[in-house]
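One structure is given here, and the rest of the page talks about it.
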């Protein structure tokens, strides 16, 4: 086989994205949920890089780079938010954070 | 060769990703996530994205995940306790997710049938050679040039983003750090 | 454009608005000032409207005092107002009743006096605006604007279930007017103008035409909005609630003027704009109107509450108006307009006097009264005259209207008249029964201790109303000629695009037709 | 000739007394009330003498209602028929006004009474003078109003106000017919003016005219208390007695007869309608007379008698003997007014007692009343040469020509009439006094009118030969004189009188025995055949209860409002379902996001790919 | 394009002026924090107010040099300027709202205002971006600062929960958006909107299905930001938990910016492709949003939550405008302005009434406000009437204009549905009026403090603006119409 079909990368990306979504939906620990988001972002990055290869343009790398920066920023703020939540409620179970409803 | 490499690391990535989802202890999830990121870095290299691969390892697997693990440790988060709430997520989520996945895969497969295939070193810089080695299209050089020309504005603006992140973290977590 | 005349017209609109703003500025601690201010401003508006009458050219049927200013140029919305022989009287009715409402509320409103009068004046502004507007958008604006003060009048100063009633009133009307808004926009997009007169011109020239289905939907959208306001059976259930709960002034304005917005709208907009649909729907609407006439009267008969009784009687009376309009005869339309004015006067008076009774006895339940005639003869006399007007006794105003409506209907559809006339019988039943139970009989001790006869301020309310009842009943020529010119135009317009319609036949032809039918 | 002055004088009296009356002394009230009516009477006389009555004299004042081709003027007109009516109304009216001074002297609301009476005079005169149907209708409704007000004069009495309402509402049923007739007339002829309409009747189709005629008859039945709308009149006796005399005997109730006679050009072209009038009339006459046989309230007797006599007038009109009908209208006004005034005098004497079983032997105590009433009684019984004799004979003769069975029924009725009138007279004046009041004779203000009316009752028929006066007015065919018929009819009356004397004058026990013998029938008749109860149970109660239960509670509140409020409830229900979704759980929210995204993807991709297939 | 130049021209800086001002002052505030004493906490507010006003001036000044800059990353056109001014305006009112709030809650002021300025800067960027990556970064700047602002009262359970929900779900939705961006990049080879449009309209049309897939994913992300159904779930919880001035800000600023992006991407960049499915998707979202928003709001007793549902409903109306595509663009723009005013005003009253610790937020707490503070009640009345859509208010004209556009685009059914829905909506807005005017004063309204100047301004100005927009809408309308997108 001459090289790897592009679609394999993209499919991998889709699978990882889906797993990220699954993690968001099924995990109860807030931190794990948050990590699932990171997983989704990684999946997207893979798509960017793959498309970049296909198009033979570097732009995709830049996009992936910016995504990383954003992910980093989100991580910092997100974890800080998780800290305050934990401080207020002493729990990391996402199902317990449901006082605001209806 | 490329195919085998891809298959190995793709498998690792998927298995680790599944592990992220199924592990109940956040530390295990975090470590699995590091695994995903690592194997992705390899795939990036395969795609000629040298700079991003490096950044992936340093920034993502390194910095960000360390931050995660710090917080997990700080909060002394244990294995999650299963409470039978929100079964809806499960009942609706699984089929939906399967649906999403199938749709995506179907379209991706059908839209990129054979076309270009990926092989290592298949993405070369079009810029004139300036060094001894043939430059990859995703080298730090190429990325750097793009970053400071075409993507100057986003690049500058991300600094604001970082600033906000710092500010936000300070605002929210100050008491704990005091 | 005659600027001086237009200014005259505008001042009728603006004076209440100024009054509203001024009333808002009066200090809360001086309720007396609010009252006086409201009285002065409403009287000013009334005098203005009298000026309007005097400057009105009675020989003309069309719009007068035409004013057309661009308001929102980007959407071609104009501040276009004018007066015709019908709206003139409705405006005068509004300005005539407002001072009376001020007087009626003089003592009965003791809380938040300032706001009360402010809202009353705002209401007057909105109502006058509705009758002036010649731009569909502007019309809609005033239509809705008049809703708000009434909502507050009912909701703040009403009785026990005022909130339910106010909200019901608001939502009912709102639901209907939303449909109208869609229709107005649709019309605009077809005609590229909101100007009612221009649209009519385009229709008559054939520059603008609708498919039958389109026209029907547009007609219904307008009609439902108006029918809710009228209210036409079976869209009437907001009315009894709103009336019962409203303060006296609110009931008066609601019954006397606001309901006319609906019938005015039907006549001024629905029929000329969508004549074919109007003709197509006429039998159905007439059936509803007749059901309303009889149904309203029957239900009124069994009401234990005075205001509710009067409210249902309004359903009945307004049925005549709708019937008259959809008879598509000159007499029927004239009668409909006249009946609008009559109902305004006589039902206004009914509510005013019921309000006076409430002020004394603090009850609206009929069973709490009895023998009032013994202790308050003049009050009873006033109510009697109003009752008689309301049941259509000749020489009082309603008779003329009812007669014209029924006669007009009879010219075109004799069988409708037969059913509608039953309403005339029933109106005597419920009103006289009411009168008997409230005013006649042994004096109940509660009544004796609470109810006193009219005081001068109340005389000032009652006398103008009674005078108007007699005037309008005896000498309708003061009013009808201008009305007739307008209705003739409306009839003319309603014939456009109605090729299949048989030409309106004169009396002789009618007799031949009737003779042949037998 | 200023016809307007005739009704306007009483109106002025009404306004003065009505507005200022409470503060005026009684003498001034009397002066205004009686003055206005008497002046009006005078003006009528002056006018009539100054006019050539062979043609109608019409005056137009102003246009009352105008709309397109419809134009109705406020017009008055005078012709021979009007002249008769004017004289009867103002003449009898004046007498009764005078009578009322005495009768009402001790009643509360004195000014109110006279104001109402004046108002009544106004409307009655408008009715009579009106030159078109609508003006006639003004008077028609107006007299109804006054009737309502005066029946309910004692407004603190429930039965009085009930009777007032009943009168008004039943009249409204009649007016329903009348107004429909007007609409039809206008629809057909394009006018409501008598002159215009009657000028065109010859050309109109019989069916149309029959229709109009029948509708007018409905109106007349209401106002003139004919079957089946007569029920209000007996109850109307709740009003003061002068009212019964003036309105419910002499004038207002005859308006139906007047209106039918006035509309003769329509009726003459619609024989079926005329026949209907005659049938209604004779049926009413007989039916009411039977009820009158068993009544014990003196005024009730005369009330049913009035209904019955009005039936005669209808027979007259219906048989084409219009002038006979009017003739009887006039003579009836004399003797029935007298009967009522006389009974009023009795009641006055007995301080309000109306039950004849509590009377008796008053002949000596109130002789004036007794003998004036005797005059009236023989007049109504049709004793030859009295006024009633002439008019009744004329009607019966016409009836015989029209349909002999009507004559026979009419004759039997005449016998019954004589019987119950004399029954009443005997029970009141003969025998011994059974009550416990102290009877006293009435004041002169009451007795003078009684006396005048007594003269008129006896001699009125001879003095005023109405058929002759109206001969040129109505197109009547000559009714041949038939002495046999006259004999039969008058002997029926005399037999009735004798029978009454026999039973009630000498042996009252016979009556009781007879009543006991036919107890069920007696009770049935005594209770007026339970017609009121029938109407009450068949019409009034079902309508009222149906309105309350079915329409108001059921339809209005139960259905429409339930739908309206139900919409609100359903909206809230939908809201609460939506609230359930909002569980506060992040993961479930995410699931919804996922669901939504899949939905959006499905839609977009679906549409895009179907576009792509194209 | 002369993209080869690595640097930028002064014109580029002018076109980026508002963002520069905002970020510089934001940073400056952080620096200043240790220097200025906490007591003079108002100083930060004044400063950020000045910055915002300057930025507004800047954005107008930038419009004197319209065009694209920074290698097509940024575009300054009427549309961008319109939204820049709008979001900055929202920022100004938020600052005014926050004075008393921060004082009352004893919260840090410098960071708050800095974050606010950054957030506004992010929204300005979104409004002026011509490139998906810039849009993404602007979105993140705006969002991340909003997350922090939502959780600003870190000791408050509700606030932190609100922040967490907003953050997690926001990031989740952003990931979808990003995936969409990736697919666009893959199919067109560019993330520049002008470029994307050129390619889509050009000869080598990429697969519409693929673009559609990308568009769908981006719709998820943006739909989330504007709280359109079915991505609206977060809004009630977040608005309720967030500090009231922040909720006011969230309901107006980010929403407006996200709608700007919606318009840029869907009605401009994707135009030839989106014609087919836009009515269905947007129409569907509109119907769902209006229904869910209005019906769920019927039962709310918490006013903030009710306003959140109302904002969902209003997103639905805006979606109607988007469904109408070109006709609807100016309508949507006008509506966003009107909505911003009335919504901020409404939240301002809530902020005023709720008292320390935001205790009083329920409908019952509004009882009798009209007796205690007639002016406040009158202002809220204007806002509520405007939200209902009663004429002579901005809300009415906005609705009118939107539904006009919809009917123009032959979507009568959608208009009828929408307008009937707004009649339903009238019910819950009326409940507020009922409470204020028709009931006896509650504890909350009895204790309410006199209106402070900042809040007062944030009440009176929007009220005036609401009326102004209702009576003389031409101003804004004409600008919105002339500010159609650069294609």
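Going by the order they are written in, the chains are A, B, C, D and E; count residues from 1 in each one.
Simple rule for what comes next: contacts are C-beta pairs under 8 Å (C-beta built on N, C-alpha and C of every residue); 3 or more make two chains touch, one makes a residue touch a chain.
These numbers come from a predicted model, not from an experiment.
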| item | value |
| --- | --- |
| Shared interface partners, meaning chains that touch chain B and chain C | D, E |
| Chain pair, most C-beta pairs within the contact cut-off | A-B |
| Reference chain B; chain at largest CA-centroid distance | D |
| Chain whose Cα mean lies nearest the overall Cα mean | C |
| Identity of the chain that, by mean CA position, is farthest from chain A | D |
| Computed distance of Cα centres, chain D from chain B, in Å | 102 |
| Whole-Å gap between the CA centroids of chain A and chain D | 95 |
| Between chain A and chain B, centroid-to-centroid distance (C-alpha), Å | 7 |
| Separation of mean Cα positions, chain E and chain D [Å, integer] | 77 |
| For chain D, residues that touch 2 or more chains besides their own | 579, 582-587, 590-591, 594-595, 597, 601, 605 |
| Interface hub residues of chain C, defined as touching at least two other chains | none |
| Residue numbers of chain E (touch at least two other chains) | 133, 137, 140, 144, 147-148, 151, 154, 163-165, 168, 172, 207, 209, 213, 236-237, 427 |
| Chains grouped in pairs wherever the two touch, ordered by label | A-B, A-D, A-E, B-D, B-E, C-D, C-E, D-E |
| Residues on chain D engaged by chain E in the complex (per definition of touch) | 568, 571-572, 574-576, 578-579, 581-582, 584, 586, 589-590, 592-593, 595-597, 599-601, 603-605, 607-609, 611-612 |
| Touching residues (chain side chain D, partner chain B) in the complex | 583, 585, 587-588, 590-591, 594-595, 597-598, 601-602, 605 |
| Contact set on chain A toward chain B in their complex | 1-12, 14-23, 25-29, 31-32, 34-36, 38-39, 42, 45-46, 49-50, 52-54, 56-59, 61-62, 64-66, 68-77, 79-84, 86-87, 92-93, 95 |
| Chain B - residues contacting chain E, complex | 104, 107, 111, 145, 148-154, 157-158, 160-161, 163-165, 167-168, 170-172, 175 |
| Of all residues in chain E, those that touch chain A in their complex | 133, 136-137, 140, 144, 147-148, 151, 154-158, 160-165, 167-168, 171-172, 175, 178-179, 181-183, 185-186, 189-191, 236-238, 240-241 |
